[in-house]
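Listed below are the structures to be examined.
After this come two complexes, each holding chain A, first together with chain B and then together with chain C.
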Partner chain A sequence: MVKAKSLILNMVGLLVALIPLVPIGLLVALAFSESQVQPQGFTTKNFDFLKTGTLFANDPVYSKLYPNVYSVALNTFLLAVGNMLIVVLISSMAGYIISRYSFKGRSALLGSFLVIHGVPASVLLIALYYMLKSLGLLNTLLGVILVKVAVDTPLGVWVLKGFYDSIPWDIEIASLVDGASRLGAFRRIMLPLVAPGIFAVGLFSFLSGWGEYIFVYTFIQSSKNWTFSMLIQSLVGEMGGINLALIAALSMIYLVPVIILFVVGEKYLVRVTIGGIKG
Partner chain B sequence: MVQRNIAKYTTMAIMLLPAAIIIIVFLIAPSILTILISLTNLDYRFRWEWVGLSNYYRFLSDPNAPIFIRNTIIFVAGTLTFNVGVGLLLALLSTHIHDTIGTFLRAVWYMPRVLPSVVWAFVMMWMFSPMDTGFLNSLLKYMGGKPVPWTFQYYWPFLFIVNGFIGCSLGMVIFSSAIKSIPQELIMAAKVDGASGLTIVRRIILPLIKWQIAFVVAYQTLSLLASFEYILLTLDGGPGYYSTEVLILQAYHLAFGQYLAAMRFGYAAVFVTILLVVGLVLSIVYWKVFRLKELMIEPKLE
Partner chain C sequence: MVKVTLENVSKSFKGGVNAVKNLNLIINDKEFMVLLGPSGCGKTTTLLLIAGVYKPSSGYIYFDDKIVNDLEPKDRNIGMVFQSYALYPHMTIYDNIAFPLRLKKLPKDEIDRKVKQVASMLRIDNLLNRYPRQLSGGQQQRVALARAIVKEPSLFLMDEPLSNLDAKIRVEVRAELKRLQKELGITTIYVTHDQAEALSLADRIAVMNEGILQQVGSPDELYSRPANTFVASFIGAPAANIIDANIVEEKNAMYFEMLGTRFPMPRDYAEVLKNETKVYFMVRPEDVRIVEGKGFSVYSIEWLGREAFAHVKAPDGTLLRVILPPESKLTIGQEVGVNFNYAKTHVYKNTGELII
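== the complex of A and B ==
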């Protein structure tokens, strides 16, 4: 009786686990579909754009409307990597100071990080637009990267502070006794010990930059600076009802790094989600 | 000693300043700037003219304002119910089955959170498309049924699902780690006393994780109030006259919409300022309620 109940519960669990995979499976089916609007048959023709990077290569009018897919991929990559490198660099330093030094305003600082993190940065778009315009950074990837970094840094600092907190003081003190300077101890002893935290924050900020839509959509006009999110959304808007298969194929290419990184680092990403709110 | 202090402060400054500067310039300053912009009639000409509180008076007499407020309440309440309810069910289910399946379930349900928003919105719009070519409708037709105008008729449930699949994983992760930390003796003792599974959930598990539930509710209320990305990507305030236009989406449309009426930054900033004030008040309340200060233990020594 108990066994049967447990078996049923496990079956239910397995079925429920498959639910979020349905949309992904449908997307893949659509990407390889002969029909342009529903999953039917099998073909790789929807991926023809991969040869030269030109969308609608057979259509002289449409092919000029959209940027080369490879330049779009490069922009997306630059945004993701730029965001990742800067966030990791500055939050691994700030997290260390906040974890190990006591100074005036420390808890106010930490508290403001928490409050800032709770309110989505999308509310600041109007002011940010005005600022980027004044700084001449509108319509540049650099402008988007800087805003993105500011949004992801509080979370990065908060998570890495948690990782530094969990390292015993004895290790650091031992290296200081051995004659290392504070900075030396940070570089040679502490950084390697929080490598999992750095990996987690790096993964999170890469994916966050890779998937960004609102900032790109709001701050970038010229299609030479487009990222995948812009290209896909503009195709959805222009021909949402006509060529879904092509959009699905593009989406699949867009998803490849996301799925790989998710499978590799899911545990670390969950840690960021919890760490971001619990310290 | 003095020398050591100088060295210490230099180290601190070098390591803390990059983060501090970027946060002050791109998060704190824009918050203040938004409030200032709401006191001007900044528009497409980008001329800075103070107009006092007239934008706020305009908001009070805006015949559409009650619609936006009502929509915001519906959106936040509905999505929140989905997030917490589904999150709780997933946490309970995944902690009461074989550990491998439970871990797999949580990993899969976490995935929508990392998917690029445009891809998620695209798949959802196609699945629930009101047209015959939409996935659900072609399935219905195949089984001999009639197509349903999903997003035209059931726009709120559609938005709860689109947002909820992203949001529910937060509750799921937090609740399941809380449930796992409940001592097994408590559950065992109840079982020995003959309590059913449902009674154990209601009388033991739920009361023990009530703080976590309260926390997720509080945290997500705040973030949903200012969330509009998935509405913008799917229904964009429609179908029809402002049927899903929430406050923050209206602010976005006023500032960056496609129409001639857009680029009204001054008036749009009023909406954002109201949300900022509500958000600030709520976070101060949460701060007190959840005693977040306890998380900030001072370092033991230097």
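== the complex of A and C ==
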């Protein structure tokens, strides 16, 4: 009876897993394919660009059109890490203040965070374009990072406020009485206790920066500042899908950090849902 | 160690809540003072004012002769214990106890010596490498005590530290707490809503209600001479009987008219109560005497071993709480009479203040 039940559960699990596995499987098969348009045979030649970073190395015209893959990777990484660091920095402090202090406009601020989070990014594009232009940040990675931070911070603050809320006052008062300053209590007691929340916010803002497309597409013109999403899009759009296998290979490289982060972070993320503190 | 003086201290919060109103209280050096009152009476606020977590809205707090209103909590040399224990969940027991010492930047070997010393005093030396969540409630409370003691504070603040423990352990830790406080000679302010705990621990008790101090005194004073009906009803278990009474005079004799009948008044009462009409008559359950007679009937009896506890129904339907000697042979429904040990009863104005 138990055996039958676990068998059925496993079957169901397998079925559910199939849904994302099929496209990923196709992607992998295509990346190692000898044909440029359909999975066929096995070769690693689609990954040849990893050697020098140059796409279409044996085509003198095309190779000049595309930036070095490694510089694209660096740009993507900088955008993701920059976004992550600033969002974590702001939301870990802002979440604490909103959780612990009562000040005028506190609930209005919290409400506005939800509203801002709900605004689709694309409606802001034109306004943001002019703002970045007047700040001289158009066509720079920093400009895109700042926009990303503005979009991702409200959710981060909201999430971390919840984590701070779950820490009893008593623990903070205890540390103050034990001899910590307000800042010391924040650093030594509060921050370590919301570490799972900070990890989650950090991970999501990293991935959000890593996968960003629309802001890069709108605000970056020069190909030296491209990120992966831009590069892949340009291959689809302008090449008319001539080399799908190459796109698949690039996409696999694009996926590597995401997979690493989830494998490494899984244990930590599970703790997020359980919640850190027990009375 | 330190003498704490509260002078006209008030604390109000945003939204107009007056948690503490014009509080005057002196806690003497080495004294064990208990702040007692129902929840929401302002006792925890008072404690946090003394800790420096809150600043008084008006009035002054002195440690010895020094005003400490604006002194940060960290500079007050206080050890505090909470109902929730408030251990740091991400630190081992050792690190929890060492935390205040590390903040003082003591040398490592001195910290180690002190932590081990206090751990063995509280018999938690075998738990030092564990985390708080791996400990039972009683053990966690010992760790919290150790953390408060290790910094050698001049003042202990305890906020219902025993409320989360189960009854048996509570009595154990209670005795230990009292012994420890006397041994260390540290001034202690202890907050509780449990009057039995207050009576057993305190040198003096301060009873609070709705932010106002009701009475300060030794447990004996509070029990035998409560200053108002609130204190009278709050202290003592089972609770005292507080009875609506009219004072009537007839043929040169004074009577309490209450419970649907009349009780002749002893002479000392009569002299004081000449000018009163409506009062409260307070009698503790152990001062009610069951006599042969009519009018009252036994409503319920609980035999408790050392004594028996009964409800007796008065002619007007009021239920009187009565403590009886265990050998009393009453049966439910039996008709009886009632008298009082007037040496220990009190009479209060209908506004609550003590008359006699």
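Everything that follows uses one rule, which is that the second predicted complex is superposed on the first by the 249 of 279 C-alpha atoms of A that agree within 3 Å, B and C clash if a C-alpha of one lies under 4 Å from a C-alpha of the other, contacts with A are read in each partner's own complex, and residues count from 1 in each chain.
By our rule, a contact is a pair of C-beta atoms (placed from the backbone, for glycine too) under 8 Å apart; a residue touches a chain by one contact, two chains touch by 3 or more.
The model shown is predicted, which means the values in this text are computed figures rather than measured ones.
**Student:** Looking at the overlay on chain A, is there a clash between chain B and chain C, or do the two fit?
**Tutor:** Fit: chain B and chain C sit side by side once superposed on chain A.
**Student:** Between chain B and chain C, pick out the one touching the greater number of residues of chain A.
**Tutor:** For chain A, the partner with the higher number of touched residues is B.
**Student:** On the A-aligned overlay, A:211 touches which partner chain: chain B = first, chain C = second, or both, or neither?
**Tutor:** Touch partner of A:211: chain B, not chain C.
**Student:** After lining up the shared chain so the two structures overlap, which partner does A:147 touch, if you call chain B first and chain C second: first, second, both or neither?
**Tutor:** A:147: touches chain B, not chain C.
**Student:** Going by the contact rule set out at the top, does A:102 touch chain B (first), chain C (second), both, or neither?
**Tutor:** Once the two structures are laid over each other on A, A:102 reaches both partners.
**Student:** Touch check for A:189: first (chain B), second (chain C), both, or neither?
**Tutor:** The second partner, chain C, only.
**Student:** For A:17, select first, second, both or neither according to whether it touches chain B, chain C, the two together, or no partner.
**Tutor:** Touch partner of A:17: chain B, not chain C.
**Student:** With the two structures laid over each other on chain A, which partner does A:174 touch: chain B (first), chain C (second), both, or neither?
**Tutor:** A:174: touches chain C, not chain B.
**Student:** Just checking: does A:247 make contact with chain B only, chain C only, both, or neither of them? Give me first, second, both or neither.
**Tutor:** Touch status of A:247: first partner only.
**Student:** Rounding in steps of 10 degrees, give the angle chain B-chain A-chain C taken between C-alpha centres.
**Tutor:** In the superposed arrangement it comes to 90 degrees.
**Student:** Can you report the least C-alpha distance between chain B and chain C in the superposed arrangement, rounded to whole Å?
**Tutor:** 5
**Student:** Which residues of chain A are in contact with chain B in one complex and with chain C in the other?
**Tutor:** Correct list for chain A: 102, 277-279.
**Student:** Within the complex, which stretch of chain B touches chain A?
**Tutor:** Residues 7-8, 11-12, 14-16, 18-20, 22-23, 25-31, 33-34, 37, 42, 46, 90, 93-94, 96-98, 101-102, 104-127, 131, 133, 135, 138, 165, 169-170, 173-174, 177, 215, 219, 222-223, 226-229, 232-233, 248, 251-252, 255-256, 265, 268-269, 272, 275-276, 279-280, 283, 287, 292-293, 295-296, 298-302.
**Student:** Mind listing the chain A positions that touch chain C in their complex?
**Tutor:** Interface residues on the chain A side: 102, 168, 170-171, 173-181, 184, 188-189, 192-193, 195, 276-279.
**Student:** Which residues, counting only chain A, touch chain B once they are in their complex?
**Tutor:** 6, 9-10, 12-14, 16-21, 23-24, 26-27, 30, 37-38, 89-91, 93-94, 96-103, 106-107, 110-111, 113-116, 118-131, 133, 146-147, 149-151, 153-154, 157, 169, 182-183, 207, 210-211, 213-214, 218, 228-229, 232-233, 236, 240-241, 244, 247-248, 251, 254-255, 258, 261-262, 266, 269-270, 273-274, 277-279
**Student:** Where on chain C is chain A touching in the complex?
**Tutor:** Those residues of chain C that touch chain A are 14, 48, 51-53, 72-74, 76, 78-80, 82-84, 86-90, 99-100, 103-104, 133, 147, 151, 157.
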